[in-house]
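The two complexes that follow have chain A in common; it is paired with chain B in the first and with chain C in the second.
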Partner chain A sequence: MTRQTFVERSFLARNPSVLWFILILAVFTLGVTVLSEAYGLAFISTSFVKTLGKTLCLCLVALAMDLIWGYAGILSLGHMAFFALGGYMLGMWLMYARTEEIVVAALAQGGLPATPEEISQGIAVQIFGVVGASEFPPIWYFAHSFWAQMALVVLVPGGLALAFGWLAFRSRVTGVYLSILTQAMTLALALYLFQNDSGLRGNNGLSGLQNLPGLGDVSQDDLSIWFFWASALALGLGYVLLAWLVSGKFGSVIRAIRDDEQRVRFLGYSVEGYKLFVFTLTAVIAAIAGALYYPQAGIINPAELAPIASIYLAVWVAIGGRGRLYGAVIGAAFVSLLSSWFTGGRAPSIPLGFYTINWVDWWLVLLGLSFVAVTLFAPKGIGGLFDLWQGRMAPDRKGAQLGPEDGSLQEKEALK
Partner chain B sequence: MIRPPLFLPQGVMRQILLSLATALLLALPGLAQAQATATDILNENRALIEKPTRAKIAPVIEALATSGDPVAATVLAAWAEKGLGLRKADGAFFLIEAGADGWILRDLSGTDAGTAARADVVELRPNAGVRGLIATALVQFTLSDPDPARRADALTSIARDPEEAHLEPLRASLATETDPALRAQKERLERLLTLRFDPDSAARVAAIQGFGADLGLDLRGALNPLLATSRIAYAGDVPEGVNLARNIVPGTDLSEVEAYDLLVAAGMAPARLTVEEARAALLANITDGAVAGIPVAELGTQAARDRAYTALEVAGAVPAAATDAEVAAAIAAHRFAEVYEEPDPLVTSAARTALDAITVKVGAMQAADLALDAISLASIYFLAAIGLAITFGVMRVINMAHGEFIMMGAYTGYVVQLFVTNYTLSILIALPLAFAVTFAAGVAMERLVIRHLYKRPLETLLATFGISIALQQIAKNIFGTQARPLTAPGWLDGALTFNDVVSISYIRIAIFVLAMVFLLFFLWLMKRTRLGLEVRAVTQNPSMAASMGINPDRINMLTFGLGSGIAGIAGVAIGLFAKVTSELGSDYIVQSFMTVVVGGVGNIWGTLAGAALIGALQKGIEWLNPSNTLAAQTYMILFIILFIQFRPRGIIALKGRAAGD
Partner chain C sequence: MTALLEVSGVSVTFDGFRAINNLSFSIGAQELRAIIGPNGAGKTTFMDIVTGKTRPDKGSVTFGERSVSLLSLSEAEIARAGVGRKFQRPTVFEDQTVAENLTMALKAQRAPWRVLFWKEGPDDRARVQALAEEVGLADHLPRKSGELSHGQKQWLEIGMLLAQEPRLLLVDEPAAGMTLAEREHTTQLLVEMAKTRAVVVVEHDMEFVRRLNCKVTVLHEGAVLAEGSLDHVTKNQQVIEVYLGRG
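And then the complex of A and B:
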């Protein structure tokens, strides 16, 4: 038996939750497939399959958020920006290729075979007519190539995260300052994309992404389940990767950075290097999740980058339970599905006699307040319930808990 | 004071105008002579009036205008607006008005003259040319109208749409103008018309120079058309006698494409072949699936299409189109120039000089205006951030619901205005009430939430975010999504205007004053009061402060309430000029934090510096790219992110023990 398999087995043995997670995910995927319209009993509508697929993508970005916030202690309020950027990068190819098909079909009626210039011009007018332009901006240079745009899905958000993180961590911006700075970055990006001359169609965003080029004959029923599988696969792989990362020495170092950055630095670790790696890695994971999410959503616009989106991401992770990967997944799935249930108008209103609580209006109030309650009374979130179930309670120590930022110390101890 | 005629009249128009002017002098009170009445004139020219032409009707209108009859103006005005009718039975003229069934008649002096069936009266419908003549004739009446308001209206309408024909009546009316303000206005307008329309170039130059570097928009509006140029291509050298603005060289001043387009537009060269035309020509010449021997399937590139078109050209099937070489030759064979549309070089050079001087002065004034704008924006940011300077700067509590406190203040102002309709009074009530409401909300929040999180700053951020989401949605549920008005009192309407360029609205001045008041209040509170001393003590070392008999819990509560209360007052001020919506606060929250962080946490002067920096920066970037405020905000935030890299502790950094950590 080689050393490799030994490590592998040891990792799974030490992390039974990974196996459980993969098992549940597989059963869930199989169940949805069997019940779907495309390959089974048609018990679940196509739009709900899409909702579930999107939820899996949100779970993946929540995993990334958990790594950077729950494990490394960096509250980034910019990861939904990377998520949306990933969507934009893939969306550019989807929109280009799809429009190309339409334009080529239209020009074929013209009697003469179309020249490349005519095709390119036709696509540009189709895509950018809505913002009053008729030429491709330079950032669409690679839009014709699927593989180039796939590479950009990783490279653009990764590069942005690398540059931003390098600047921020180098000058030791930490804690709430870093949170505000990442939020400012998100806001700047959103404001930039809102401009019509940003080259990404301003506030119209990219649309028609649910139609895959070259697969015009395949029904949305099939496409939705394919994307569902892809999302489930990405989530599973992401979970295993992150679980493997945090279970090893790397995980110990980033948890140590969360608990006491100075001490880790004095021990000789390159704190900035670790932070930068985590920041960039999670940005890339977020971007991949976004690239899977937006073809299922069909449309992407700059409102998706609004700072509030990244805050909701933090809300999901906090409610699910920081510092444990399955907590992030549970939080994202639970809150986003509950949110679409409440805001979809399906939740029953509560008549109070003098006033009727309509959940479409009051759901955000409930969410905000329950978020406050979770922060105050249950810092472990829903994931904390598993500790109860396993009887793995924290030792009864004096003082209140400090949360992940100040580490495992209790209030009295930390104050000294 | 009428200028002597400086030249021989060239056309009928001018003759009319001159005689009009003379007649007006004669018609001065006391000098009026008995002349034919309007009725007589109309009757004499009945046939002409019934079917008027621009050429022949002029003397009639002139006669009417100079008749001195008091009803002449009414008659002319009615005629132009299809309000003059001719009774078929006896040929008498009436002022007509459409009634329930037929016409309501009044005779020319305005007294009631019964009604008539629709068929009995011919409605006179002068064509556009005739109406223009009438309007010109009417100008002198309105310019000398006894009512100053009507005179002012006439001046405004002339200034809006000046014409050559207005010049003489305007000059004529100057002599009789008694109102000094209107007289000054008339004189200015007369000079503006002179510099555009006077036939004598010396008079025009004198008029231009008389203004100096005047900043009036009307002057720039009059000068700019004088300098309008058009690009013209000449086959040889530019001919003499053309008022040349500059020679232009293809390739440097204008692109070759533009140059050739000029030649094509002037009919001096054949049109270049467009892609669409080539395509159409090829389509028209498909024979047996091929064009000039090239199979259609191969025509998928521009090069192949060019080859096919050339082959067709050789065969004579399509007209020759300009090739690139021919285009280049045609451009080389021509001279291009920008030529003033105004033929008189003296006038254009005087206008150019005057406009240059004005541009320099306008630039300086715009800089001043920009500075005022920047100051006012800075005071808005300062006002929005000063509450944060207390809660975040002093207590180090991240309150993401700060923006919602601003919103609550604005909505408080709105609700007060629902009950108190006197705007001045309602603002005076709203300011302390907004403070009370948000103070209470702040204290409640501190007691219930923040108190438990003092050691967990990141979680304070999250919890206050939860509160912010909830408060925003509650506001939306109560007040709806549409913007609510918060109306400023009347004395804050309008703007303090220094000249046509520099002005600042009173609301912005009031906000500036309010910001300064809060700055002083903050300084007084922190440095001169017992509370301020205790706040500073608790911030520096809570346990030591507690052992000195200070109750840190109470101080924290009061400080947080104070910061929130100031946010409420800021909300009233911001609501006066921004629309009050549930998103009002979130529009300001990031900028507010930026202001505090950039300025330096824990120092009110830092917040002031941060607000000034951000305000100046945003206005500066907007000035570079005026059409795009989104870009300005984007670049401002990018700048701030970079700025924090190099001065992580802000402009004014705390030093020593106060810096904490």
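And then the complex of A and C:
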């Protein structure tokens, strides 16, 4: 019998799906650019370019969800909190710098040059007038600095995930209890941010984020495609990073933790350390996705941290197929685009005579039913279709139990 | 011979039931030892204590030349210190290939950051290949371990334990569910392993214990009832009463 030999192969050769993914993403990005209003044939409206750009960000956060849930087996129902926090951190700078431009322009008309105090006061009144305050809360200390807020996009959600994860994993909270704990975390954060004195404008949230400071002359047509490119780049990089991460020994260990964490402990791996690492890393990825998403959405408010948002995230990944990265991307893109089609009032209502099915109301029911159906009948999700296709191409015959010692012919032929 | 593992005066109580009662036990650095005893004698609890899964109420457990106390270490730290454990039911990671299972168990840095940037070198590859040959799975390296037969999974787990290079190996009923030929192979392997490390075998099957031909410790109600050669302990009147006499 031939001995199994290891052949040195590059990362991409071992993971052909990465190349396919990058290729499809590149073609898609090019296609949208060519059809956009800014750089092409104007077949796709600017608002739809924004929708597509936002969808790419949702795909990125779904990748993070797939890593923590599909690979490490931790069903976190709080990752959209990190997504929203990332949006808030960048939003603070966007809003500050944009308001500063307006205030400076307004004060310049007064004749005398404005003092820094006047400018600062003016910005504070503009931003916080809506919640009855006229001074900057301490958390806006760095808001004037783009680089500081960019750092906070990573540091704040990352720090929160580190602290929360450390407490939860160290106490060995697992399974459904951990899920409930993460739901409580996102709910608590949302309730806190809803307060006017939270320093982030309460339920008004941050708005006008689509206007980039210093780029007032650039049209939204151009800006939308720039953000679309940035989102596509982030998704591509995120995909390659996570594909690399799960392909090696690290991926082995986290999948092993998912399947039997006690056994992994006896192998000498600190399970808690790995969980914390994955939890924090995915929180940071979610935050970066959020920082790219909200400038395209234009507005962020505490409703974005509602527990249901994180549950949707899990539903996307489940429908797309957890435990495989492209599954998460397909699920997020498919379900979120379908969702905006159904809830956008564009789906035709179905008249039944005695009752009319209005999709704006019934979409959630349909989504819920599909989630149950996928869980029961197709646990591999949409991604499972690729297995069917691959099975057709190259039948895997070595899989079956072939009986005692010598096995049957099928076994030998498969191993050669 | 100095002891590698020294358990002294250990007691543990579960909801008022005293599972381990003032148990003392020690084993040398290169020694094979069988632990026998009726159900509920505390065999599994004893293993749980040594591997850090259960914390005793009192007593001490020390390991190695520097007599490190295992009671303050986590399961993972104990495993890294050199204690390996084989469960009764084969527990391998069924969703992963035989090669991945062995690679994960290979003695190497265990910290997340180190593992992330770990790259398989020719030495590691050769080691995995050698281990697979030793346990008769060389032809199955690229297969998902969930596809293996029960006996092959047992072997894979033994291979993983060898890969960890533990100084002390705790083996829970290795012969369970094995064919006669596999038992013989297992016996040889355990005897071979005990030449370079300490091996503790918990076993029900007296025939298998006889094959091991080593010192035997009899547990009863959480304490050591007798210790010595198999012939010696089977002549012990107390042992006959509590354990063998019933058969």
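Keep this in mind: the second predicted complex is superposed on the first by the 382 of 416 C-alpha atoms of A that agree within 3 Å, B and C clash if a C-alpha of one lies under 4 Å from a C-alpha of the other, contacts with A are read in each partner's own complex, and residues count from 1 in each chain.
The definition used in the following text is that contacts are C-beta pairs under 8 Å (C-beta built on N, C-alpha and C of every residue); 3 or more make two chains touch, one makes a residue touch a chain.
If you're wondering where the values come from, they're calculated on a predicted model, not measured in any experiment.
Visitor: Counting touched residues of chain A, say whether chain B or chain C comes out ahead.
Guide: So, of the two partners, B touches more residues of chain A.
Visitor: Scan A:172 for contacts with chain B and chain C and give back first, second, both or neither.
Guide: first
Visitor: Thinking of the overlay built on chain A, is A:75 touched by chain B (first), by chain C (second), by both, or by neither?
Guide: first
Visitor: Name the contact category of A:41: first (chain B only), second (chain C only), both, or neither.
Guide: neither
Visitor: Look at A:13 in the shared chain and tell me whether it touches chain B only, chain C only, both, or neither; answer first, second, both or neither.
Guide: After superposition on chain A, A:13 lies in contact with neither partner.
Visitor: A:376 in the overlay: touching chain B, chain C, both, or neither? Say first, second, both or neither.
Guide: first
Visitor: Output check: A:253 vs chain B and chain C. Expected answer is one of first, second, both, neither. What do you get?
Guide: second
Visitor: Examine A:187 and indicate which partner it touches, taking first as chain B and second as chain C; both and neither are also allowed.
Guide: In the superposition, A:187 touches chain B alone.
Visitor: Shared contact residues on chain A for chain B and chain C?
Guide: Residues common to the chain A contacts of chain C and of chain B are 400, 415, listed in rising order.
Visitor: Inside the complex, what are the residues of chain B that reach chain A?
Guide: That would be residues 275, 279, 282-283, 286, 296-302, 305, 398, 449, 452-453, 455-459, 461-463, 465-474, 476-477, 586, 590, 593-594, 597, 628, 630-631, 633-634, 637-638, 640-642, 644-646, 648 of chain B.
Visitor: Residues of chain A touching chain B in their complex?
Guide: Going by the criterion above, the answer is residues 75, 110-118, 164, 167-168, 170-173, 175-177, 179-181, 183-185, 187-188, 191-192, 194-195, 197, 307-308, 311, 314-315, 318, 361-365, 367-372, 375-376, 379, 400, 402-403, 405-406, 411, 414-415.
Visitor: For the complex, which residues does chain A have touching chain C?
Guide: Answer in residue numbers: 1, 3-4, 6, 245, 248-250, 252-253, 255-256, 259-260, 262-263, 265-271, 273-274, 277, 398-401, 415.
Visitor: How about chain C: which of its residues touch chain A in the complex?
Guide: That would be residues 51, 53, 74-77, 79-80, 84-85, 87, 91, 93-96, 100, 103-105, 110-113, 115-116, 118-120, 125, 129, 138-139, 141-144, 147, 149, 160, 164 of chain C.
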